[in-house]
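Two complexes, one shared chain (subunit A), two partners (subunit B, subunit C).
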Partner chain A sequence: MTSNTGSEASRWLDAQLHLLDRQVLDVDGVPVAVVDDLELSEVLVGQEIPIDTPPPVITALLSGPALATRIFGGRPPESRMQRTLWVDIVEIDVVIRLGVGRDILDLAWTEGWVRDRIIGRIPGGRHTPQGEPNDERGRS
Partner chain B sequence: MKKVLGLALGILTAIGGFLDIGDLVTNAVVGSRFGLSLGWAVVVGVIGICIFAQMSGRVAAVSGRATFELIRERLGLRVGVLNLGASFMINLMTLTAEIGGVALALQLVSSVSYLLWVPFAAFALWLVIWRVKFSIMENVAGLVGLFLIGFAVGLFLLGPDWGELGRQAVHGVSTSNEKVSTYWFYAVALFGAAMTPYEVFFFSSGAVEEGWSVKDVARSRANVLVGFPLGGLLSLAIAGCAAVVLLPQLISVTALSQVMLPVAVAGGKVLLAFIILGIVAATAGAALETTLSAGYTIAQFLGWSWGKFRPPAQAARFHLLMIICLIVGVGTLMTGVDPIQVTEMSVVFSALALPLTYLPILIVANDPEYMGEHVNGQALNGIALIYLVIILAAAIAAIPLLIITGAGQ
Partner chain C sequence: MIITDLLGSRVFGPDFLGFVSDVRFILESDATGQPARLYGILVSPHARSSSLGFERSGVRSPWPIAGLVRWRHRSSFLVRWNDIERLEVDRIQLRRGFERASPELP
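Right after this comes the complex of A and B.
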């Protein structure tokens, strides 16, 4: 499986081993999602593939409410899966790092909802626990 | 002093794991019924948790990954969900019991019914989770929890026949008319209490909270090697106290006050005051440990932002989940369930869930992609594999023993 960024073309990735169920961190090192599925560029299903067709590439990582469908089968409607574009990935290591912030991604809108409606409204909810400098350190 | 505080994570993890409300009582029950003849189960458990926690701490320090992220990655979604469900239930049951434990300890001091203390205790726990820095939390709960050393002091003050205690540990109690199945039920319970998975979730996530890196591998080892044996020693001291005072009198332990009876006999009011303070700190520590573990496991599994080092607004779902867990715990206690029974059950379930938590850590600790040069050595792998067999045996035996013995009645 090759990536379409070209930079890691020499490295083999096993989708099952290196991509599925990996944590995705945004540019600040904050966890945003876990990879539930992959989106491939167009694959012809049920037709003979011409010899010189380029191999499909991964276009996006998909995350979303796939827990039940991954266990019991089926798939959630495409509109409910959140896409992280492959081009936004800067590093695939024991975690997948993105080059963009979580607010742009619209990943994990539930996080924002809970923050704005509940947690952010409780006194002290927007402060770092006492005595600690406000470090968004994001482990690396 | 700084060195001592650097060990607080290990000490708090161990005290919360070994000396939470259920274990306090279980240890005294075992001491009063079997003397020290089950001491070996504690020792086997301590060695096991040292190996397990050291692997998870090293993985966290080197790769920055906490345990439950790895469980999903390495077990896949289906088995991972199974483990998540079991681990989360154990967390919730233990958390419920610990809130009750804090309240029971406060009842001993105040003579106000523990049910009235429950909401107060839960609110105080939430405040700590909401506002107190991780390192202050672990230092205070860990160090005050050390007052439980009073049990060891009490054992010395009782001036027991050490030879007799030694004989009990090696040959068992000759006068005992307990069934064999009951003996093994408590062996599994003590083993499960020593190796509760939430200790590992808390320890590895705490390492991430404290920002450990490759440089901290030695620190992780020191935390493990000081904290867990200390916890094990204190459990043995509790069993020893009960074996010396309660066993000859055929007093059976059913409540927290009886756990402290031998200490009161040995050291009077002053020692008793220390012990009660220690129990409040240890149960509160265990409650914090399990509440945070409940948040850690789900957040890590689902890829949410988590951690006390972030402002709550930046880990919103993590904090909301912990609030819900605390409310559920209070609600459960208000129905009048016996908190001590709840944790005794949860200990058996933790023996059941243990293999699914242990195996992925063992796999990742051997994976150079995560660990680089810090993969397990051959000797460690040898012992770790022996423990895999022991853990599997305990997991298989747990439920049948629970049913046969009627939970050790």
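Right after this comes the complex of A and C.
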């Protein structure tokens, strides 16, 4: 068997070992998602791949309702998966840290919807216990 | 393509070789924003499931689990991207004369 080749500075990531199921934290350290899948750049499927074709790269982390399909097979509809762009990642460790806030990610839409449409309509629901207005970043 | 399309796929050379147990990526450095290029696939002849990395590192503890997982994933090997000839649904065909590399993480 041969050994892996790469420069001294190279970093290796195995998808299942280092990426899948890791928690994703936004720039403020708030958990926003778990990595359920990885999206790869364009790759030929069902055709012969010419030698020296550049390898695909990870374009995004995907989060969504993946539990059932992991157990029973298949894949969730693409429309149900939320994407976090690979370029937004600043650190990969026990958790994955992003360089952007949760309010500009698709991942936080359910939280924003509940805050705006339900919590915000409850008397007192638009300010903190100290009387400061709630953070309204990302409201549409 | 998404990564779960590859995980668990059957791998064929001239004959059936095993299942994709993981997919390895390489980053040229630790710098932020580095693209993660697909380096190769880890092929396990006996198990489709994840191997928790025991066969890819020197971890030996806890020994009952390490021993069991190592046994399930015995004879695993890494196939580099350039040795992949064709990707299909649940099937990966390798090129003639493909090379088996060590699955251990450098």
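The definition used in the following text is that the second predicted complex is superposed on the first by the 106 of 140 C-alpha atoms of A that agree within 3 Å, B and C clash if a C-alpha of one lies under 4 Å from a C-alpha of the other, contacts with A are read in each partner's own complex, and residues count from 1 in each chain.
Assume a contact is a pair of C-beta atoms (placed from the backbone, for glycine too) under 8 Å apart; a residue touches a chain by one contact, two chains touch by 3 or more.
Fair warning: this is a prediction, and the values are worked out from it, not measured in the lab.
Undergrad: Have a look at where A:T110 lands relative to subunit B and subunit C in the superposition and call it first, second, both or neither.
TA: first
Undergrad: Contacts for A:L38 in the overlay, against subunit B (first) and subunit C (second): which applies, first, second, both or neither?
TA: second
Undergrad: So in the superposed three-chain picture, is A:I51 touching just subunit B, just subunit C, both, or none of them (first/second/both/neither)?
TA: In the superposition, A:I51 contacts subunit C only.
Undergrad: Identify the partner contact of A:G99: answer first if only subunit B is touched, second if only subunit C is, both if each is, neither if none is.
TA: Second partner only, subunit C.
Undergrad: Is A:V87 contacted by the first partner subunit B, the second partner subunit C, both or neither?
TA: Touch status of A:V87: second partner only.
Undergrad: Using the touch definition from the top, say if A:W12 reaches subunit B (first), subunit C (second), both or neither.
TA: After superposing on A, A:W12 lies in contact with subunit C but is clear of subunit B.
Undergrad: First (subunit B), second (subunit C), both or neither: which does A:R126 touch?
TA: The answer is first: A:R126 touches subunit B but not subunit C.
Undergrad: In the superposed arrangement, what residues of subunit A touch both subunit B and subunit C?
TA: Residues 70, which sit in both footprints.
Undergrad: In the complex, go through subunit B and note every residue touching subunit A.
TA: 63-65, 69, 72-73, 76-78, 80-81, 130-134, 136, 208, 211, 299-306, 308-314, 316-317, 319-320, 369-370
Undergrad: Report the residues of subunit A in contact with subunit B in the complex, numbered from low to high.
TA: Residues of subunit A touching subunit B: 21-24, 30-34, 63, 67, 70-71, 94-95, 108, 110-112, 114-115, 118-120, 122, 124-132, 134-137, 139-140.
Undergrad: Looking at the complex, which residues from subunit A come into contact with subunit C?
TA: Of all residues in subunit A, those touching subunit C are 1-4, 6-7, 9-17, 20, 37-40, 42-49, 51-52, 54-58, 62, 66, 69-70, 75, 86-87, 89-91, 99.
Undergrad: Given the complex with subunit A, which residues does subunit C contribute to the contact?
TA: Interface residues on subunit C, with respect to subunit A: 1-5, 7, 21-30, 32-39, 42, 50, 52-53, 56, 77-78, 81-82, 84-89, 95, 99-102, 104-106.
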